[in-house]
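The two complexes that follow have chain A in common; it is paired with chain B in the first and with chain C in the second.
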Partner chain A sequence: MKTARRNQYLWMGALFVFLALVPLFADNNYYITILNQMVINMIVVFGLNFITGLTGQMNLGTAGIYAIGAYTSALLSKNFGLSPWLTMIASVCAGFLLGRGLGYPSLKMKGVYLSLTTLAFSEIVRIFATNLIDITGGTQGLKSIPRFSVGWIALDTNTKYFYFILVVAIAMCLLSIRITDSKWGREFRAVKDNQDAIESLGLDIRRIKIRAFTLAAMYGAFGGALYAHFNGYITSLSFTTDLSINYVIILMVGGIGNILGNMIGSIVVTLLPELLRFLGDYYQITYCILVLASALFLPDGLISLYGKVMGVFNKRSVAEGGE
Partner chain B sequence: MSIIMQLIISGIAMGFIYALVGIEYTLIWNASGVLNFSHDKLITLGAYIFGGTYILALKMGFVQGILLSLLTVAIVGVIIARTIFIPLRNLTMIYTIMATVMLGKIIVEGIRLFWGPVPFSVPGFLVGTVKIGKVVISRANIAIIITAFICVCALQLFLYKTKPGKAMRCVAQNRNAAQLMGIDVKTVMVTTVAISMIICCLIGVLVSPLLNISTTMSNMIGLKGFAAGVIGGFGYLPGAIIGGLVIGIVENFASMIFPSVYKDIAAFVLLVAFLLIRPKGITGKTR
Partner chain C sequence: MDNPEVVLEVLDLVKRFDGLVAVDHLNFKVRRGKIHALIGPNGAGKTTTVNMITGENPQTEGDVLFEGKSISGRPVYARAQMGIGRTFQNIKLFSAMTVTENLMIGGQSKTTQSLLKYLADFRSARKEERHLREKAKEVLNFIGMYQYRDEIVNNLAYGRQKMTELGRTLMGEPKLILLDEPAAGLNPSERKEFIEIIQKVFETGVDMFLIEHNMDVVMNLSHDITVLNFGCKIAEGNPKEILVNEEVISAYLGEGYRRKMAKGAEGNA
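Right after this comes the complex of A and B.
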């Protein structure tokens, strides 16, 4: 068990090193943009992992949370000239308030209410973002959101920004690991596995769920802020329900409740549409069928594939050792 | 006064649409424990089969077209039930939600490839208005109210007077007990999905005069149908009807007070308000 966990940490480290090396070989703006998007997705999915992965409550409103984070940071830094560092903290605070405010009514009861309210919430955010043209720019979008600098290094190119968010992602990953292995993480998993047992131990399920959802909202809002400052331009057209679904797809394809799985999922799912481009008109439907098949036949995600393959190897090596 | 009358009537008409949406997914929820997130896409599919294939391509009459498309979607429903809903019924909620969401996306992509991406409308279907006294009502709204009323009554008769209907109610109450009593749960699920698909198609046909037929036509209707279920009492059929009517009327009056672009928000505000104050819904019965 312990070696398995150590293996996972090794793989995570290897993946991060690999990602850090990619820009050295592929110095093409298109690839760097995809890499940036990939790492931002990773951060958002680390958060979604708490509520949907560990606690087992379906959150279909990540797009709304992400949009709130993006708009908070973009509007504050653009209109009031605040440093993006401050505005990013502000959007994390917005995420915290959102998690509490939305989590309280929908997690009070058992059932599917969270999926419905989050879905409705992201639709409300989209309607407001589209129609409050004076503030958000509507579908025309919000232009020239400032980049920022770390100390004396200005993050003016996409490659520099990529290294910055890679460092942020590593920090978020370490934080995720810390939370998952702490008392909080054990409580989250217990909610998914056996609600009755948790209640009989005198723990409040609602508070645990709301805590998980708040963490998810904070990670999501932070990811949105990073996206706004990376892209420099946000429009309400990009925060659709499809975006929320995409994050759940990342979670499922990678492996639910597993941080290494989240990383693999965000790499695979961000790259897959680009790889399937050659199919032309049929690429979307192929993509959907692949995801549906992975939900039905590989419910534990790609990470379980690794376990199965390693299992086969281990058996073989044991058999060879026996001979 | 006549304006208020008009608002109430169009609110009731839209309310009946939401009520039908609520009924359609509640039936599947009760029979299989799967929340069907692809239901709005199934409504779109119904509208496309009716408008795109039977009326515009094959040039049939409206009545023939409706009947044939109802038959077609029932067959599609049986196929979907066998391939998606029956394998899903024992999985965790996350997988069932995700699989139905992906089913919806596949349907949309299929529609786009088969019928093309350009929105269209069915010419001459339920257009025009009727004047009763001072109140002007569009034909489409009258058709919606009458059809939805007949549909609800027929469903009630089916559920309470026929054997398959009784079996459906048994499965809804307790799936394991129903199975022990010798009810074939899989057959009941197939029937349920087929009936739900028929209702979806009816909704699609009924809203096609109000909205253009396009791949995104029913996104809002689908979401508000979910809200209707929660407001009336989740998983309880009469609750879905009451919730739908409430949403329809409230949002029409909201459009009188607020700018009409924010009309769609009314349903979601009601949803969150009900979850905070009365999570069991108006009827107080949930499942």
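Right after this comes the complex of A and C.
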């Protein structure tokens, strides 16, 4: 058990190191843009993992949360000239409040109803963003959202910005590990495992679910803010239901409830459209088939492959030890 | 009002499911320092009664008093925090987790750290976690489950799972434990072990409310017995009185049991 967990930490570290090395070999704006999006996705999915991965509550509202994070930071920094550092904190606070608000309807609902409610929330955010043209710019979008600097280093290139969010992602990953391995993580997993037993143990299931929702919303809003300042431009066209579903796909493909799985899912699913681009018209269908195949044949995600491979290795080494 | 001799009292409890009256104006008192058994045929309303006491399925009418105070209307977790623990007729464990993790969750409502404080100060939270783990170890030793501490619950035999559930309940340091058919599905040696553990827990000062079909278990353990039939109380008293109660015999025990018990009844009570 312990060594399995330590191996996962080593893999996480290795993946981060690998990502950090990519710009050295592929310093091309196209790749760097994908890398940025990949790491932002990772942060969002670390959050989604709390509510959908660990606690088992479906959440199709990620696009709405992400959008609110993006607009909050973009509008405050652009219109009021506040430092993006402050406005990103404001985004996280908005995420906190949203999580509280979204958590409540989730209490009475399960399954399809919960999915639809979170989806409706996300759509409402998008519709507001589309129609409040004076504030959000609607589908035309908001332009020239400022970048910022870390100390004396201005994050004026995508490569610099990438290293900044990579550090952020590592911090968020560590935070996720801390929480997952704590009594709170245990409560999340307990809710997914057997809802009916929780309350008889003196634990308030509503508080647990709201806590998981809130964490997801804080991570998601933060991801949205990082995206806004990366892209410099946001439009309501980006925050569709497709985006919410994409995050659930990342979670599923990587392996639900597993932080290393979240990372692998983000990497694979962000790269996939780029790798499949050569298929032209057939890209969409191929993408869908691959996702479907992953759900059918690897219901526990790519991370379960790792478990199987390690299992084979372990068996072999046990067998060798026995001889 | 508060009677120190009574830990739990139910007053005129009624539970209706649509047309069906599952429990009908039920009254009884669970005395402190006693093991109280609730018996009766399948479908008599025993589990329903437990669910009304814990709040998992609140009553249609009536009142539940715990330590002299009405707890009707309080949420399940609040009643558990007050000291009402339970086990389930159909085991409800966290089956993908280890035995130790299950127990730790059972003790978690007693911990004090908040998430913000934890993030600011890992050390005191880690201390609390270590403390919880130690306590789980102690309880596992107490119930004879220490060797299974790292097993995933799903991989355990049924009897071990039942014991794990009891251990998880003990972690919450309840004053009163409601046991819903703890010995059902156990083989004779497991049943004997379970009786011993229940006795041992009782001796640490925990009151017990026990639903059980196995009359040997009931006669062995309980001081007071309430008998339910079709949601109505048909008898109450000590084991000796229940054994000779005509209504109980015809509704539940059957003639055969009377003859069997006639020989050995002296030794009990």
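As a convention for this text, the second predicted complex is superposed on the first by the 314 of 323 C-alpha atoms of A that agree within 3 Å, B and C clash if a C-alpha of one lies under 4 Å from a C-alpha of the other, contacts with A are read in each partner's own complex, and residues count from 1 in each chain.
Throughout what follows, contacts are C-beta pairs under 8 Å (C-beta built on N, C-alpha and C of every residue); 3 or more make two chains touch, one makes a residue touch a chain.
Predicted, not measured: the structure shown is a model, and the values here were computed from it.
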Have a look at chain B and chain C on chain A after the superposition and call it: clash or fit.
fit
State whether A:T117 touches chain B only (first), chain C only (second), both chains, or neither.
first
What angle, in steps of 10 degrees, lies at chain A between chain B and chain C when each chain is taken as its C-alpha centre?
80
State whether A:S266 touches chain B only (first), chain C only (second), both chains, or neither.
neither
With both complexes superposed on chain A, which partner does A:P299 reach: first (chain B), second (chain C), both or neither?
first
Who does A:S176 touch here: chain B (first), chain C (second), both, or neither?
neither
Have a look at where A:N194 lands relative to chain B and chain C in the superposition and call it first, second, both or neither.
second
Chain C versus chain B, contacts on chain A by residue
B
First (chain B), second (chain C), both or neither: which does A:S236 touch?
neither
Chain B and chain C, closest CA-CA distance after overlay, in Å?
12
With touch defined as at the start, can you tell me which chain A residues reach chain C in the complex?
1, 175, 178-179, 182-184, 186-187, 189-190, 193-194, 196-205, 211
Quick check: in the complex, which residue numbers of chain C touch chain A?
54, 56, 75-77, 80-81, 85-86, 88, 92-97, 101, 104-106, 108-111, 113, 115, 118-119, 122, 125, 128-129, 132, 150, 168-169, 172
Which bits of chain B are touching chain A when the two form their complex?
35, 87, 91-95, 97-99, 101-103, 105-106, 109-110, 113, 219-220, 223, 226-227, 230, 234, 259, 261-262, 264-265, 267-268, 271-272, 275-276, 279, 286
So in the complex, which bits of chain A are touching chain B?
52, 56, 58, 60, 104-106, 108-109, 111-113, 115-117, 119-121, 123-124, 127-128, 131, 241-242, 245, 248-249, 252, 256, 281-282, 284-285, 288-289, 291-292, 295-296, 299
